[in-house]
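Letters A, B, C and D name the chains as they come in the text, with residue numbers starting at 1 for each one.
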Amino acid sequence: MAGTTITPAASYGSTAQAASVKRERGHIIAGLAPVLLWQTLFFVIPMLILLVYSFWTMRDYRLDYTFTLDNYVAIFTNPIYFKAFLLSLQVALFVTVICAVLAVPVAYFIAKKAGRWRVMLLVMVIIPFWVSLVMRAFAWRLLLGERGFINRGLELTGVIEQPFSFLLYSPTAIVIGLVYAYLPLYVLPLYASFDKVHDNWIAAAQDLNATPMRAFWEVTFPLALPGLMVGAVFCFIFGLGEYIVPALLGGGKSLMISQAIRLEFELRQNWPGGAALSIVLMAIVMAILAVSLRWLRPETAR
Amino acid sequence: MSAGTVKLGRPNPAKGGVALTAYTALIFAFLYLPIAVIILFAFDDKPVPGLPMAGLTLDWFGKAFSDPDLMASLFVSIKLALSSAVLATAIAMPAAMVLAWREVRLRTLVMCLLLAPIVVPQIVIGLGLVLLFRLVPDLIGSPAIIIAHTTLTACYATMILYSRLLGFRRSYLEAAMDLGASDLRVFFEIILPLAAPALLAVMLLAFTDAFGEYIVAWFVAGFTETLPIVIWGSMRGVLSPAINAISSVIIVVSLVLSALSQIWIIRQSRSSS
Amino acid sequence: MDNQAEPELLVVNMIGTGITAGRDVAPEKGVRVDGVTKRYGSSTAVDNVSISIEPGEFVTLLGPSGCGKSTLLRMISGFVIPDDGDIRIDGQSVVALPPFKRNTAMVFQDYALFPHRTVAQNLAFGLRMRRLPRPEIERRVDRMLEMIELRGLGERSTDQISGGQAQRVALGRALIVEPALLLLDEPLGALDLKLRRQMQAELKRIQREMKLTFLYVTHDQEEALTMSDRIAVMRAGRVEQYAAPSEIYNNPTTAFVADFVGEANLLPAVVAEPSSGLVVVAGRKLRIPPEQARGLVAGSSVSLAIRSEAVQLAPPGASVEPGLAGTVEEVLFAGSTAKVIVRFEGELTLIATLGAGTPLPERGQQVGVGWREADIRIVT
Amino acid sequence: MSTFRNSSSRRDVLRFAASAAMFSAIARQVDFTRPAFASEDKLTGPLNVLAWTGYDDPRLIEGFKELTGIDVNVKEAQSNSDQLSLVRAGTTQFDIVNPDAVWTTKFAQSGLTLPLDPADIPSLSQMFPQFRNNTDIQYEGKMYGAPTRFGINGIVHDLDKLSAADAEEAHVLWDPKLRERVSIVDWAELYIYMTAQWAGNPAPEKVTGADLDAAINRLIEFKPNLRALHDDLGSVKSDLINGDSWAVWGASSDNVARSAKMAGKNAKLTLPKQGGAMWMETLQIVRGTPNLATAKAYINYMTGAKALAIMAWGKEQFCVTNAEVSKYLTAEQYKFLDLDKVDEWFAHSVVAKAPDDEKAWADAWLNFKAA
């Protein structure tokens, strides 16, 4: 390599330029290749297979390989899917907003006030998730249920005489379950962002007569915004695909979009229909993502 | 999770407002409330957990430890989740470095592609993968589970690492390179140690996800049984408190381990300063 | 040069010598930057720059932020690849080499001390990359710690030392590899004035003692003037003037250099009689030194540059050549000196720097303004 | 230039053809040109079984191994649809599947199962006579499924909250006093069938059009009384046991009642006077199995009294179709399993049949869930 590059020509910036572009491109390719190849092989290709399926139909439980757009037409003409999508959207927006509000103080505390125990606290945020979701949902049922800990406790202390039945299999339970499931998704990136905010900056703001609260809103919070955005994007996308929490704690009384997709694949065994529905969902999310990634852009400016 | 996490000697011990501390304690109580219930009923002498409790027993722990299927599935799960977490982090890291530090055309497209697996319902990914594995049916089982979970977790592993690396000081890399470190040495001498907390965090998340995932795993598992497959599989009956017992063990062991490592880290930082 | 242990460099050296020997010319020494250009999109950061640096020389790139001086430095160190032109160090072109194969070392503006390494480990880094034997590394690190006056602090972590100490570690880390060229990117920017002065002297001493070639980037003209053997004043990607500090100061060739280095008054003038050195400023005919008038064309517009300390103010009632008069607009007292801003009719103002002990005029007072003919420079 | 373009377009065509071939290789399902089975008589193995839970009992697997020397791999599924999806994907060659009888047609139409010759499975002669000649285990006149377990659907109720007399009347499930007190599972065919059955349709499986609309509207009217619609039986059971629901409709009621009793709950299964509906689970052979003879032997073994007795009193307690299991069960066990009530059940109930218009039923269920 040295032999080819060391030539005493007067000007060969362009050769050097070419070599560096090549090196740079080599780096980019080498860096992106593993994950892109992996995702192409194990995600894009399966999705492409399903894309092909979405243009076929299922007749009498056998595939009919004639090209058709019927599956897509069916989706856009069926108000149930629209309703289910709206519900998923509501859930996603809800967890995105509520969890952000709830997570900010926790992440701030861990990053700025927890001293030596920060790592421990962070790990403690994750550990509950090492217990099967089923087990945690069953535990929530034992807490919220008719004869659960909360109702029992309130009865024994004489606060109520009849148990509350609205705690379980209700919107309340869905809210609790969703917050429970999504809080860590925020705490982790938010923690990272708060951690990057120097104590000096906060001190400087307070020095300029900002109250601690004011200093937080004027200095810390804006600087932690990228972490908040990362959390929000994750929460929103996960939230759109959510159905397990509403099913386990909400009593499965309403239909979310990913449940509709499951029904299509399972009960009907209609793979083409389910594939079309998944692809429409994916397209919508991609569009939302492309827009929200633009929000994340300022972070890339160095 | 940041480079700063390494420095523990921070002159800032819990001097925050009482309200903030109380609030955080409340949130942690919220996170651990169900866990407490799970542990409580691991000791209750009743086949179906529920109030009122019947009496104390350790039988469920005995049952859990003497159930070869349950124990085997636990170890299979740990092994597979660890593998996919390491693999996902390993393929995510170079991509995150490129996305964060270099000019990449179509960056948005790449990111959308990386995030897409999160939104697709898992049954769809499971079926898609099982169709793909028709080409290599021999992979069905543990390798396929690792592949599936790596696919599910590598996407957000990349995104999280990317957002962490954006804050990485470029001059560290340039200084190292300038002092004669090749790309590879820069990676091992500078990037890896400085990004270690973030990498660990990402690995932890990926492990958590892979450890609990059931649907995709079921499709590609063949006859391999992971803990979630066993647990979901027993949901036709009533979930045995033996599963409470094994969950309690998982929780307590991981809490103790993380507390010990935390204490160790603090000791280290004390002795070095 | 003690880089025999670095195999890559060894190869480069051998091939380099082979070629020069084959051509039968003496090996070129020092640094040659030859027609280097770097564009970012439509803007040109560095525009066809050529400078040469002799071995052991202390050269400063001076200019305002955004003038391309850092880009040039980063091209020499290898972080930026030029679009065109060549850079040679000791006769070998390095443009195609990645940074880690160039025998340059850089001191970063933010020091870039590795936070996960101790002071000693930071110092040892470059030597480890060159795969020197461990005892040799230890010996050299000890020597360097002594040299940068940080003996006994080797085991400290980088956040347990002061800013000045960190600065010295950054310098030591670059010096220890004995580079053919040491690049310094505004290394003193973060220090307070006193420490800064001290470090300037220190740097100069080290450079002289070790006989190293320094390429220093700064926007601080005083720093540049104090330390450099030669200064390249840059503006908008071009080198305006490349000369010794005294030459830059005394004989600026462009209005920009005159203005940026020191404090110069620039007066727009029209050439009246080139042969006799007469120009017209604000309606008055003035004389300029004949050697300055050489090559001027009658009727063309030029700028007169007069250093503020060369401007004389006449006491009340008296007058000085060439006998201009204006109103004192502002008097700024600065201890050893004072600045007086004098406004003439119209927009034209002049700044005069008066030495200690000179009586200061009052604001609003009418004063006579003048200068010695020899202090006038024509700049473009 | 033109030749270049020519060759490149030819290359494109080739590339397209190659990818199309790959796609169809992956996407196509069962290859009908393949012989239905590989060997006729020789016992080969191991046998791959995809089944509901219960079939992986080590006693069963060891029993079969002793008998034939063949190993059995069991993969447990949580639903009929998961079984069908996995067999349809065809990545693992299963030899045996275990769908409910009502899914027989779907498997057979998909071309995934093989007809059985009753002569190959002598154990079937021990089956309760009422289960024989069930049309749901047949497709195009041929038998595809060998019944193993079964159950009955009615109302399981907390006796402290709902008396047996009240539960005799099916429409109690719509009574406002049970508001948010009834749990069910996600079992489309069952609830539509029973609603239609209770509305007085003589052949509920045939309802479609206006009758189906009526049934679904009736189900939607039930929704205020719905406590939870679960994906799994376990949740339904714990709801009842922990007092979150006062009644469970369907959800394999006899099994729910048994679990509740075992947990000490004062609960009872009542078949309303409008009738109950039975379900059954079958073993079927997957088309293309390389182990046909073993598969037949396995079905014969599993439908035998000994194996089904193990199934009946295993991890869970389900009724089984072999009448002679009493030989292997204690009298208490036999009684607890309600096997003494089979005649009574058949007098009051029907075996639920698969809907004729499956697509319409699936649409209707989607409407119910989204309502």
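Simple rule for what comes next: a contact is a pair of C-beta atoms (placed from the backbone, for glycine too) under 8 Å apart; a residue touches a chain by one contact, two chains touch by 3 or more.
Remember, it's a predicted structure, so these values are computed and weren't measured experimentally.
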Contact-richer chain pair [A-B vs A-C]: A-B
Separation of mean Cα positions, chain B and chain A [Å, integer]: 15
Length of the line joining the C-alpha centres of chain B and chain C, rounded to whole Å: 53
Whole-Å gap separating chain A and chain D, where each centre is the average of the chain's CA atoms: 35
Junction residues of chain C, two or more chains touched: 98
Multi-partner residues of chain B (each touching 2 or more other chains): 49-51, 127, 131-132, 183, 232, 235, 239
Interface hub residues of chain A, defined as touching at least two other chains: 49, 138, 142, 145, 147-148, 265-266
Those chain pairs that satisfy the touch definition: A-B, A-C, A-D, B-C, B-D
Residue numbers on chain C that touch chain A, as the complex places them: 8, 11-12, 15-16, 19-20, 23, 34-37, 81-86, 91-93, 95-98
Chain D residues touching chain A - in the complex, by the definition given at the top: 23, 26-29, 79, 81-82, 84-85, 88, 106, 109-111, 180, 186, 188, 223, 226-231, 235, 238-239, 242-244, 358-359, 362, 365-367, 369-370
Footprint of chain D on chain A - complex, ascending: 48-49, 52-53, 60-63, 80, 83-84, 138, 141-142, 145-148, 165, 168-169, 247-248, 251-255, 259-260, 263, 265-269
Chain D - residues contacting chain B, complex: 25-27, 48, 52-53, 73-78, 82, 85-86, 89-92, 232-235, 237-238, 241-242, 259, 262-263, 315-316
Interface residues, chain C side, partner chain B - complex: 6, 77-79, 98-100, 104-106, 108-110, 112, 114-116, 125-126, 129-130, 157, 159-160, 173-174, 177
